[in-house]
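Read from first to last, the chains carry the letters A, B, C and D; within each, the first residue is number 1.
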Amino acid sequence: MASTSDTLVHPDVRGYADVNRDAMRLLTRPGPGYLALLGMSVSLVGLAAFCWMWQLAYGMGMSGLNNPVGWGTYITTFVFWVGIGHAGTLISAILFLFRAAWRQSIYRFAEAMTVFAVLTAGLFPIIHIGRPWLFYYLLPYPNQRQIWPNFRSPLLWDVFAVTTYLTVSSVFFFIGLIPDIAAARDAAVVPWRKKAYSVLSLGWRGTDREWKHFTRAYLFLAALATPLVLSVHSVVSWDFAVSIVPGWHTTIFAPYFVAGAILSGVAMVITIVVPVRKIFHLEAYLTPMHFDRLAKLLLLTSTIVGYAYGMEYFMAWYSGELYERDVFLDRVSGDYWWAGWSMITFNGIVPHLLWFRRVRENLNYFFIISIIVNIGMWYERFVIIVPSLAHSYMPWQMVNYHMSWVEAGILMGSFGWFFMWFLLFLRFLPGLSIAEIKEVLPPPMRGTRETRLHAQQVPERQEIVEQPAPATAHLKRAQGE
Amino acid sequence: MSDGMKRRDFLKTVSVGGATLTAACKSDGVERLIPYVVPSEEIVPGVPTWYSTTCRECPAGCGMHVETHEGRATKVEGNPIQPISRGNLCARGQASVQGLYHPDRLQGPQVVEEGLEPRNITWGGAEQTLARRIRELQSAGRGASIAFLTERYTGTMDRLVDDWVRAIGARRVVYDPYQDQPRNLQFADADFLISFGADFLETWGSPVDYAWQFAQMRSPMIGQRGKFVWVAPHQPLTGLNADEWVAPRPGTEALVAQAIAGTVDVNSAAQQTGVQAQVLQRLATEFRGARKAVAMGPGQATAGSNASALQAAVDRLNGRASAPQGGDMRPLIQLVQQMRAGQVQMLLISAHNPVYTLPGGLGFEAALRRVPDRVSFSTFPDETAMLCTLRLPDHHFLEQWNDYVPRPDVRALVQPTMRPVFNTKQTGDVLLSVARYLRLNTVTPGNNGATYYDYLRNAWGGGTGDAWREIVKRGGSYPAVPAGPNTAAEVAGAVPPFATQPASGTAAGTANVNAPAVPGLEGTQQVVTPTSPPSLVTALPVATGSPVSTFEGGGDARFHLVVYPSYRFFDGRTANRPWLLELPDPVTKVPWTSWAELHPASAKELGVRQGEILEIRSPFGAVRVPAYVYPGVRRDVVAIQTGLGHKAFGRYTENRGVNPNLLLGPTAAPTGAFAPYSVRVSVQGTGEKSGELYEQGNRVQLDREIAQAVSLSEMRAFDAVVGAKVPGTIPGQNMQVETLRGHGGFQPVETPTDPAAYPPPGTEYGQYTEGKTRWAMVIDNDRCIGCGACVTACYAENNIPVVGPDQVRKGREMSWLRIERYFGVTQDQEEALRDDATSDVRFLPMLCQHCGNAPCEPVCPVYAAYHTPDGLNAQVYNRCVGTRYCANNCPYKVRYFNWFTYQFAAPLHWQLNPDVTVREKGVMEKCTFCVQRINEGQRNASLEGRPLNDSEVTPACVQTCPAEVFVFGNIADPNSAVARAAASNRSYRILEAQNTQPAIVYLQKVTLREPKKGHHADEMYGKRGEAGREHGGAAGTGSTGSQLEPHRAPAGAGSH
Amino acid sequence: MKRILILLGVLLLPVGAWGAYQGLETYQDEPGDKRQGPEQPIAFWHSVHAGQNQIPCMYCHYSAERSEGAGLPSVQVCVGCHAPGSGALPPEQAQLGFPQATRNKFWNAEATKLVDYWRRGEPIPWVKVHDLPEHVQFPHQSHVRVGLQCSTCHGQVQNMELVYQASTLRMGWCISCHTGEMELSPQEDATVRQRSSYIQGVRALAAAGSDVRGVDTRWPHQRASVDCTVCHY
Amino acid sequence: MRKPKTGVLGVFPYLDDTTEAIRRCRQEGIPVTVYSPTPRHEIEEALEATESPVRIFTLVGAFTGTASGAALAIWTSLDWPLITGGKEIVSLPAFTVIMFELTVLFGALATVIGLFINARLPQFFGEGKYHPSFSAGNFGVFAHIAPEKFETARTIMTESGSEEVLVEHAQ
């Protein structure tokens, strides 16, 4: 028997039906802890809604923004959430294309996280604009004024990139869910759930024709989502990079932002998956190998991000550009030095603790590091946005920005909003990808039987094959028959 | 809806007389159209009507044109044919409409009975009450116990008050701070100007006129560069504009004047004043050697008990005796004594708020309380009016008929521009009706019910309708504005720059900056032309009184107190105008509050930092005021600006700042002039931080070469090299490109640096066509005195909201145009605290640059920011969704976001310009180059079927600037004023390396000594200096002249 | 068969979108108001004044050719006809001269209201029918001077009892006239083209040999500037 | 040729039994529908499946997206040409972002449409017999066959190792 650190699924999972059993367990009656968490999330959403109403009534002045610093917490949080939304598609699409089998048991969580993160991010452009009731001016729709939006504006690229990303990742998420919803439908006992799953599964039955087109479509979606995931944060980075603000106008921004996004996204996956694994007893599916792979991803992206930080400072010095140099000096020694150093420490230094096996394999440490990286990545966006604006070209207009209670409320509410959706997802949709985990399980074979197929040699997993699980019996139990 | 009701009442009132057409009244959900009952012949609805009048916000008496829309005065501008204003106005004048519509004005006559709330009464009742009380006193034989404390009326009102007072047997006492100062100095062509604390750019004399003359005197554009020396213990705005600051030991300023005049020994003067002997010697030499030298003083900052001696010395320097300055305080001091003794039964007050402005040591307030009948004629509920038992609010000057004689040759007329906003009554009319009640036949002969207007008309000699009409149209009678080049723009093409005028008439190598370029100034009547021949100097009387002041206060009172008038609030009378409160002080850049200026070394010694509250104690009182650490003040002096600290003056001044007059004593110079500079105070830090003091901006330029300067010698040498300018090239920029090439590296793409060349190659798409208009502006930093009149004019013209002190502290002020003030040029913030920091101060008007390649435009997702075919960077408010990306991407940070829907407290909203949209929350806004004026000009031109001439359009800032810093026009036309001005060798554009192609060309400030340079200066434009030095020597343009020698550090700053 | 239908559907989608666009535009161009204007303080019928009595528009709206506002008649102008000779009398003595009391009770009552306003010295608070938002500037004089007829924008006022808004007054409507897409009568079009300062400007530029590329490519029949700041500032 | 709606369904716990049944049915010329909880290439091999045409949809969708992105950005910019920042009215570098995004968006949506058309989804009244255990662990082979030939199929199923054989008589 192989060591546990390199198994994708714990050997205790003996067959296809076990996967169903474990996945369906997530959908059963919630405990008080879950309800408390959900209640807390919903309250935070309520708080944010109140803050936003307040801001709508009185104006953007309720934020801490001022004339040189036109963007602050809202855009920081927008970029933060868009960044979080990257790990999901990375894990589900890019690792799918790379045939990284370890993605199967984790990708559904990551993908759900992506969809909800982008859903959260998408709120912020609306919250941050001065006249949200005119948001539709940004959409290219025919109107009697004969005026169209300006396609030269990076903000319009953003509108397209974020909506495209939201649409494509939702579609990708949903398409991947169809077979699993069908499984949930087949296992459901509560009538309304059964009905709902029946509709959502679109009548999926797992026929050969369905699978044939499904696998192809999924592959193409993955192939489309891959450049998209790289592009969306590039486009977000161009919001900054194509401007002329010192500290923003940098060619390194696109790759730097993508790496940062993956870093923060992976950290968020860890932040979510560690407690989920614990609470729902998914140790069999989320094995140390998964965490080992995630740790490597974190290390890689942290190194890229750290390199980007260094490069920015090098270029600021090497270019001799006065404004650039001032901004970068200001980041570490000016009024926002605490944010600057938090960013460098949290993103560029702390993750390197993962080189140590002891840290990497201790989920508590890992969880803490992931939280630190999350905070650091929020600070990274803050440091890019706020000090650069507060310390731009005109020496006369250098005014500092301080977050207001309205912004703090909306920032907290964004976490509430995100976790609300995520918690609901955990209860109502299969969090484990049932069909795809089965792909990495050995198929049930009547081992002793002579077949005309080529020999199925699975020496290492012989024992599993030899003890087939009573699939139908289990299912009947589940259906309450 | 009290608001709606008031508005409708107003409409009713004005429309009966035929003065309004449309105004929105949404109270019943529909827009209403309110027509006239009887139409006025002069008014076409929708077309503004202009009235001539005279500004009465200060004694200067600037001519004014008032724009009215449907019977509402909305904007004031200078009267271009009046010689005092020359079409310009200061910030106070611009803000006068806010006084007119001030929501806290007294709205009608009130009587206050002991222990009761003020009661509103009718005018008839008020006048009868007053007449009855006077009669009672007269019949009791105590008519002499009635006193009338008035401002210094000069015209008809002066006569009326005198007649009236004489008729009732009362007496009149005149009190008018800062009134008695010379307003007829002529120094536009002087090459040496020395001021002994006379802040003539702010309040002293005639600031608008003097600012223009000052700019002319130092304008290299018209071929002269006079030197200005400031002698005073601190530097207010005027002092900051000086080429040299001499800060003698407090109280010894007169000795400096005498030393320059040669009436005292230089060495002994040096010893007493603390100014180095060679400095005094040099000043004397420069003064005497100048072709025309003018001295000014004393100002408030130097008005101690030696003021008479100082004035005598100044007169000696000018070779001409002048009227006593500072008024005569002795009758007033006597009156206060009598009031305190209960000998005054009735005091009528039409002077400007004496309770606030008089020194605390005089005890006027307590004395006033002892007078049983106190009558105020104040328009505002100020401290004096609040203490009075009968309040008879006068019309605002924009509502009244009056006249005023600011200087002998100008007799200015004040005419109403609209119906009174409130139930006020002209004081003249009140006096006349009281006279009628009292049957004073000397005042109202025949008792025929004549109004003050008739009285005034009589005083002007009646005249036929047409003659009177002409006088009203002109706004009085006065000589013509002297001919000659008025603005830099006009002369830019006419007068060749220095280089083409090689040493004209100055064979001896004297700098031709001395060449007179403003001929015809002598055309004015009664002009003071100080010619200072030595013989005349000796003929003048010698000084009266000691040349050295004495100071009250001893013990730990180590600091001399300077209480100086405010550019914005004058003596405090304009302090309740929101525009002026929001306008930061030109020197300290502090809005909305008071401060005490403290030298950095003193601050260090006291252990206080900027913003810490100081307790300042004098023998007469104490105030708590935040410290402002500023090297422009002597170490042993603390300076506080007057104007704020009102106990009553309406909502905007509530709890704002302190009243430094409370610290002063009732000291007067031997001539009776008030001597505020005669108190020593103790200063202590309290360790408390002020939440009020907020200094806008940065004191140093961080090496960024935003506000550039060039020394006169360097400029002249460079001019000699480059020669006559071809419009369309800016040498500094070409030099930069050359420098880059010389250093290898990237080959820069050559972009045309001249806005006239807009659009640059590669950007000419769409509707842009050759030959079309390209609006542009030239800003001459050298002329800019930093006052901020343009800022207030911009507020008035463009409906810019006042956001209040809390929002200003958050960096949310909306001033489309701001004046940046830099003490230093490098990254080192300490540079602004060094003693020489104020020796090279740069003022920079910063507004939307209307860039050709505007970075704000392409980032707007909805085309709210875009470029118009005539080169404006337009902002379409109704399209804006408020992403604020444009403001982020604006390198000049001149875009302002509406964080809230700002309110204009009724009736201030009647001032709103109907031609400009009022912006709501969530919308970005910025300078439009006054596009409404461009459109109006365009419309008028096209109605006449002709193309628009660029001289027809003048943005509000350009229009009002007293120093005529701005030139606006179509730069695509090479013959336009703006194109010619832009062709100067001093021209540069800010942040040009960003290739934004701004439409605003700045002209470098010209300094007499070598200007400060940032660390990047050599890269930016050092090549020019090199070229200048090399070629300057080779071309043999000769010595740069005595004025061009590097100057020593200001003697005073280092001498204590 | 099913696939063909679906394919057809996909192909028809843009066509449908275009149709929706057109529909939306038409819908939005429809003047929302009913064919009867709002209640006014006095039942003033333009059909009587401009229609039957043929009073020219600019007799009452006197500033249309020299001001941004068209101008409203003062009460004095109204009583000039309705209470002849009242100009010489104090307002309190004004007497209604017309319409006569005997002719129509309703009209008599309405006209009496007018005289009452005059006697009280009060303006008549008319309800605004053509109410542009505050962010739009519309100068009447420029439009009148180039020869546009009042009825082009305001409709056949001489047939209206209570005036209603005949045009949408929406931006697209304004723009379509400026770009020349809106039909004008041939005479009107001719005068506009002759007098428009925009067209004159382009002609002058072209005559001076300037490059006017791009000026007339988008809207070949453009009549006036479509620059945003012409109306919004 | 239309497959009969009636038929015999074999439920198989083992993959190799399933492929056996498929092969035998196909040898008999009986068209089959195979149910599986997860896609298995063994089944595809046994069915000798052809390439899915979804890729054509993706390709066409993606190119349509590119074209629409370009058309949208260019046409709207020209519809009312406004200069911003001295840039060209048709600023292609900026528009490539729009083109790219619409390429991906349309490509993805077209792929989904292709999937739905080809896999005949959504299908709420599925044809043929189904067993809920197919989504859990079991495989199923449904032989489309007329009722009179049920026995043949039943034999194949049983012999191949079917745990349970169900028949569909309807229609």
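Just so it is clear, contacts are C-beta pairs under 8 Å (C-beta built on N, C-alpha and C of every residue); 3 or more make two chains touch, one makes a residue touch a chain.
These numbers were taken from a predicted model, which means no experiment stands behind them.
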Quiz item: Going by C-alpha centres, which chain is most central here?
Solution: B
Self-check item: Centroid-based (C-alpha) most distant chain relative to chain D
Solution: B
Quiz item: Could you state the distance in Å from the CA-based centre of chain B to that of chain C?
Solution: 46
Self-check item: Centre distance in Å when chain B and chain D are each reduced to the mean of their C-alpha atoms
Solution: 80
Self-check item: Between chain D and chain C, distance of the C-alpha-averaged centres to the nearest whole Å
Solution: 61
Quiz item: Do you know which chain D residues sit against two or more other chains?
Solution: 79-82, 84-85, 87, 91, 94
Quiz item: Residue numbers in chain B touching 2 or more other chains?
Solution: 765-768, 855, 858-860, 863, 866, 879
Quiz prompt | Multi-chain contact residues (two or more partners), chain C | solution = 214, 228
Quiz item: Contact residues on chain D for chain A in the complex?
Solution: 11, 13-17, 19-20, 23, 33-40, 42-44, 47, 49, 51-52, 54-55, 58, 62, 72-73, 76-77, 79-80, 82, 84-85, 87, 91, 94-95, 97-98, 100-102, 104-105, 107-109, 111-112, 114-116, 118-126, 130, 132-138, 161, 163-164
Quiz prompt | Contact footprint of chain D on chain A as seen in their complex | solution = 15-17, 20, 140, 146-152, 156-157, 160-161, 164, 167-168, 171-172, 175, 178-179, 182-183, 185-187, 198-199, 202-217, 220-221, 224-225, 227-228, 231, 235, 238, 434-436, 438-439, 443-446, 449, 451-453, 456, 468-469, 471-472, 474-475, 479
Self-check item: Complex interface listing, chain B residues touching chain A
Solution: 696-698, 700-704, 706, 807, 810-813, 818, 820, 822, 827, 846, 855, 858-863, 879-885, 887-889, 891-893, 895-901, 920-924, 991, 994, 1016
Quiz prompt | Partner chain C, residues of chain B touching it in the complex | solution = 11-12, 15-16, 18, 21-22, 25, 30-39, 44-47, 765-772, 863, 866, 868-869, 872, 874, 876-879, 915-918, 928, 931-932, 935, 938-939, 941-943, 945, 947
Quiz item: For chain C, which residues are in contact with chain A within the complex?
Solution: 21, 24-25, 28-29, 168, 170-173, 175
